[in-house]
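Following this message is one structure expressed as structure tokens.
By written order: A, B, C and D. Residues from 1 in each chain.
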Amino acid sequence: MIAYTPLLVLFPLAGFLFLGLAGPRLRNEKLIGIIGSGMVGLSFALALGILMQMLGSAPEERKAVVELFPWISSFTGTMGSFSVSVAYQIDQLSILMTLIVTGVGFLIHVYSIGYMHGDRGFWRFFSYLNLFIFAMLNLVLADNFLLMFLGWEGVGLCSYLLIGFWYEKKFTGDAAKKAFVVNRIGDFGFILAMLLIFVTFGSLRFDTVFAAASILSPGRTVMVWITLLLFLGATGKSAQIPLYVWLPDAMAGPTPVSALIHAATMVTAGVYMIARCSLLYALAPVSLEVVASVGAATAVFAATIGLVQNDIKKVLAYSTISQLGYMFLAMGVAAFGAGIFHLMTHAFFKALLFLGSGAVIHAMHEEQDIQKMGGLKKHLPVTYWTFVVGAVAIAGIPPFAGFFSKDEILWKAFSSDFGSWVLWLLGALGAVMTAFYMGRLVFLTFEGKERFGHDLHPHEAPKTMTVPLMILAVLSAVGGFLGVPKSLLGSNAIEHWLEPIFDPANHKLLITEHDIVWSEYVLMAVSVAIAAGGIYVAWVMYLKRTGMADRLAARFSRIHRVLLNKYYVDEIYDASVVNPIVTISDEYLWKGVDTTIIDGSINGSARGIGAIGSALRRIQTGVAQSYAVVFVGGIVLVVGWLLLQSH
Amino acid sequence: MTLESILFIVFAAVGLASALLLVTRRNPIISALYLILNFFALAGLYLTLHAQFIAVIQILVYAGAIMVLFVFVIMLLNLRDERSLREGLSWKKVFAAGVSFGLLMEVIYILMTSASGMTELLPAKATEIGTVEAIGSRLFTRFLFPFEVTSVLLTAAIVGAILLAKKKLD
Amino acid sequence: MVTLTSYLILSAAMFIIGATGVLVRRNAIIVFMSIELMLNSVNLTLVAFSAFLGDSTGQALVFFVMTVAAAEAAVGLAIVIALFRRKQTVNLDEINILKW
Amino acid sequence: MIENFILTLTIFLPLAAGIVVLLLPSGNTRLIRMAGVAGSLVTFIVSLALYVLFDPARAGYQLVQHADWIPSLNISYLVGIDGLSLLLILLTTFLTPLALIGTWNSITVRLKEYTVMVLLLEVGMIGVFASLDLVLFYVFWEAMLIPMYFIIGIWGGQDRVYAAVKFFLFTLSGSLLMLVAILSLGYFASIVPNGHFTTNLVELYQVGASLPVNVQLWLFAAFALSFAIKVPVFPLHTWLPDAHVQAPTAGSVILAGVLLKMGTYGFIRFCLPLFPNAAIQSAPFFSVLAVIGIVYGALVAMVQTDIKKLVAYSSVSHLGFVVLGIFSLTEEGMQGAIIQMVNHGLSTGALFLLVGMIYDRTHTREIKAYGGVARLMPVYAAFLLIISLSSIGLPGLNGFVGEFLVLLGAFRSVTLQSPAYAAVAGLGVIFSAVYLLWMYQRVMLGPVREGGLYGGHKLTDLTKREIATLIPIVIFVAWIGVYPRTFLSQSALVSKRTVEYLQGVQRSAPAPLTMRAADGSMQELRSR
């Protein structure tokens, strides 16, 4: 089975090419939908097969590399020259990511058949989605940094295409461009990191790099540079401070896109990348601290903004940023397994929430403001119940998936050698807010009075949309059992499965298994309590005493306004970075340097020569006789000079 | 004073005088007549050099053909009496004349100072080379190709003259 | 005794007179005639050399000079006619489009 | 047997085609267009034979043809190719027919002369890439200037005369100095024992390297100025936007696609191997200019309001990468620079074709006049997106391969000794995304303009002919992106040998002049 790994990637590629070229002529939504989702489904099935084979073999035999063809090389084959192949690596981490990508991806493809029904870009949408799956699989399956970068940029491209899918609206274009450009800033870091890696290790293959890294001792400056530059790439792709600004705007894309790309898969690429490079980070503890701090800060920062947003998708977007912060927090405290575990559960419940919001938006005829919803429970029962499952899961109520993964991260943030009570406190603060805004979202959307016009008759989505919701709800509910910690008598299967990947890093960091201690139970109880508390406060504010939210907003109007305007970060970036660059380029570089200085000096010298010419022109009377006189005079002079010479 | 010397002095005097008059007369017709006189003087000089054929050709071609052309054009343009062509003295003219005079002095200086080995004209030899036969054999042997090319030149000149003088090109 | 030098000085003098005419006269036709004068003085030189050297080449060359003179006169006068048609004058000072 | 004259055939086939076109009746525009395209297509097919006959594993010049030209000065008609010239000749013969097909209906006045000019241009370009004699090179170099001058000056836009003269003067002022340098090189060849005046490149390689460094620097500067203007290297680039904006589409395509490559080609072929010490000494200088060009070009491109100007400034940025790669004096950098030349020819050529296609429809180049075009021209939108992405350097398309190799080369360059060059150049990666996507957004995205009118014209999607022009380019864009080996392998040996030669020079004892200076100061010290 493993030998067929390239097919994992080729199925979606074939889907993209076929739909991209033949799509406009197909004119049959059903056919397009079946081809589009079928290709991803095939990949998912193949990934399952590979997983089965891996489960059947010994842990050390679970890794394989399939090389396709040499890609970029400086070719002459001398020592230290550059060479990279298109090669795919199957191991415990990449197969897990593949399953998430293709599994969740497949469900979202199916969902899109219903959601995008009747759109004139139907075929385009599915070809882009297939291209995205292709790129994402390249990202997670690559056996070297460069191919990973291909996937990395490829998903960025698809993100661009899909955010701007409804390109006729002005803001979609802005959002798409912003996403791509901000990601490019991160990619700049990624490229520099790759260059440093190649210079340091002489290769870009994971195996070679990690083998060489495993004999290094921690604390080299170059490793700090490499890991921080890689992390810059991660902050771009995974929407962390300071490069998170594109993700909220990215909600301009169709909702399945938000679910697939901006919640479940692409934005977690940064987390995956750090997990993949865990060994490199283990060699640079400083970088780990940076990652943890940025992650925790983002988790809280984004959650505060999420508290007051009124756009159903914006709330989820800030929630995503916040949850990604948790994953980076996990990475930063060297709880790599926990981070990947949260990545997986988050993929389930956040995809579920986005798809649910999509069903709501669909039912409300493109209305996204939750202040204009309410009481949708009875109109959209399936959506409601699945949404609640997702919300409870993200809030961290046991035994739903989010509880286990988030609790694991909080515990590691507290107990790990790299953690501290500050990190835990930030995490817990974020958790309260998460529970609160999810509660607020559910209550404002589904409960209470109907605040929309009576000419609107919301109705439940079609089967193609509700079935994926239900499957994802089940996964959100039970997905956590893959990682039940030992303290709760579980086996923590997922971390155990990933152990071979993170062992080298753990060895470097001298991390050993802790015994179960009583504080773990205390913290667990605290986190359950704050989750429940957050939801309760939301219930009080938005259902029981409905005027309270407004009163609070009025009381703390300044804070409220700052939060509502997202701390004015976009405005600050515009004023401090974007506008100066544009102004400098326009006023100083182009009109100043190019037009005035360079062209000016050149045209000036030309004009100077012209001035000399027009002065000399006066000599030219145009009368041929004058010229002849000078001519004869010249002869006289020449002959005279010759005569003088001869004597 | 041999006869040849007398003839040379007479023809030279006539030639120089007519040349000077040619360039100083205001009326082009008068100038043209002096030019004809000059041509005849030259033809006489050719004869003193025993170049009979060239002397005859000089009369035929210059006085007969070219001068007719000049006079014809002058008549055609009706330039007899043109007040606008008042030719006063100007610094330019003085300067031009001075330059010319300087050149003349230089040439004369060169001619006077350089020793000339050939002071003697050999009449028999000179008569022999001045015949039609001698010149003809030169032209049609050594100068055959340039001679043929002159035909092209003449054709081109004819075409060019017609084209230029035509009223309109279409 | 008439020497070669006397012929050459005579011819130089005529040449310079012609050249002066070319340089100072404003009437295009007289300028042309002056040019003919210059050509003739050169012819005189050629013939003189030919006679004194005993070589007929010089006289053959006179033939070519005459041809050129004829062609030049024809074309030149045609130009004068064309110019006159445009400018109603043969004053060379007024024909100054040669500048710029 | 065929090896002997195939190169000459390739060079002069377009000339023959041009003569044929000249004889056609000027009224029959269709016939003239067909003849022009056919002539350039046949040239392309013949040039494919070069690819077949060329053996990338063999060092040195191949398919060489030699004939006496000015024997007294040892100037000869000497042509031959290596991997570098092969790629660029193929690029030339590939782009010329596409430029003619892609602008089928754009030219309406003096069509015959136009077609002849384009074909003559092709002769000059191929000749430049094939010449192995400096005087021959110079002749082709200048000869190609003339048709380009006329193409801009006659068939250009409103300010065409200003642009044409600017183009001509910039290029000429540089190349005159180059002529002086060529002659002095020949002279230096004649003053060594048993030497003789020659302009044979292969012989001069030894002559140049043995010159004292200060002489090398002067000659290098003369050559480099000429090439730097052509590339164009900042700050000598200001002729480019004007020339591009005013030139007709085919002119822009060829100008961007091939002409600019002559500068970078000249650096690799002449400047580096002829004056190795000077090249090593000036590498940091040129790298700084290249890096400035990368960032500067991108920033200025960002704020352009004219699509063609935007693309022109993007050329400045992209060619900065090529120059940086060359002067990194590493194998990766050199290979990256060479593949980037091809990339830029394809991508920017295609961009100009695309801009030309929409200009033919709307007769405006103002970005402001567009918006929402994607809705009306979906196929066009797809092509523009692919080409823009290739220009941005998206992995999987061609631009990335070159840029990454260049960055890698600059990063680990022994000569430059600082990763800062690569780091700053990497900023170009960000800005290229900004200006191209912003342009794409403003032109293609957003709502359709009122009434669907652009510049007063209705838009129709690409015709079959236009699509047929673009598809070959897109195929190569993807081919180089996915499997660049096909192309990299051709130039591998050239890069390797050039770099090794320079590294050898760098490692060997310091150049004579500096040694003498050091000795002198030593003696001074001793005498004190």
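Details
The rule is simple: a contact is a pair of C-beta atoms (placed from the backbone, for glycine too) under 8 Å apart; a residue touches a chain by one contact, two chains touch by 3 or more.
Every value quoted in this text rests on a predicted model; they were computed, and no experiment measured them.
Touching subunit C and subunit D together: A. The geometric centre of subunit A is 98 Å away from that of subunit B, both derived from CA atoms.
Look at where the CA atoms of subunit A average out and do the same for subunit D: the two points lie 37 Å apart.
Subunit A and subunit C, compared by their mean Cα positions, are separated by 92 Å. Centroids built from CA atoms put subunit D at 63 Å from subunit B. Residues of subunit D found to touch two or more other chains are absent.
Residue positions 625, 629, 632 of subunit A are each in touch with at least two other chains.
The multi-chain contact residues of subunit B, meaning those touching 2 or more other chains, are 92, 96, 99-100, 103, 107. Here the chains touching each other pair up as A-B, A-C, A-D, B-C. Across the complex, subunit C meets subunit B through its residues 1-10, 12-14, 16-21, 23-27, 29-30, 32-34, 36-37, 40, 43-44, 47-48, 50-57, 59-60, 62-64, 66-75, 77-82, 84-85, 89-91. Put simply, subunit B touches subunit C in their complex at residues 2, 4-5, 8, 12, 15-16, 19-20, 22-23, 25, 28, 31-32, 35, 38-39, 42, 45-46, 48-51, 53-54, 57-58, 61-62, 65-66, 69-70, 73-74, 76-77, 79, 82, 84-85, 87, 92-93, 96-97, 99-101, 103-104, 107-108, 111-112, 116, 118-119, 121-122, 125-126, 129-130, 134-135, 138-139, 142-143, 146-147, 150, 153-154, 156-158, 160-165, 167.
The touching residues of subunit C, when paired with subunit A in their complex, are 19, 22-24, 26, 31, 92-93, 95-100. Touching subunit A in their complex are the following residues of subunit D: 169, 235, 237-238, 296, 299-300, 302-304, 331-332, 335, 372, 374-375, 378, 389, 394-396, 400-401, 404-405, 407-408, 411-412, 419, 422-423, 426-427, 429-430, 433-434, 437-438, 441, 444-448, 482-485, 488-489, 492-493, 495-496.
Within the complex formed with subunit D, the subunit A residues making contact are 24, 69-76, 78, 81-82, 86, 146, 149-150, 152-154, 157, 160, 164, 167-170, 172-174, 176-177, 180-181, 184-185, 187-188, 191-192, 195-196, 198-199, 581-582, 584-586, 589-590, 593-594, 598-599, 602, 606.
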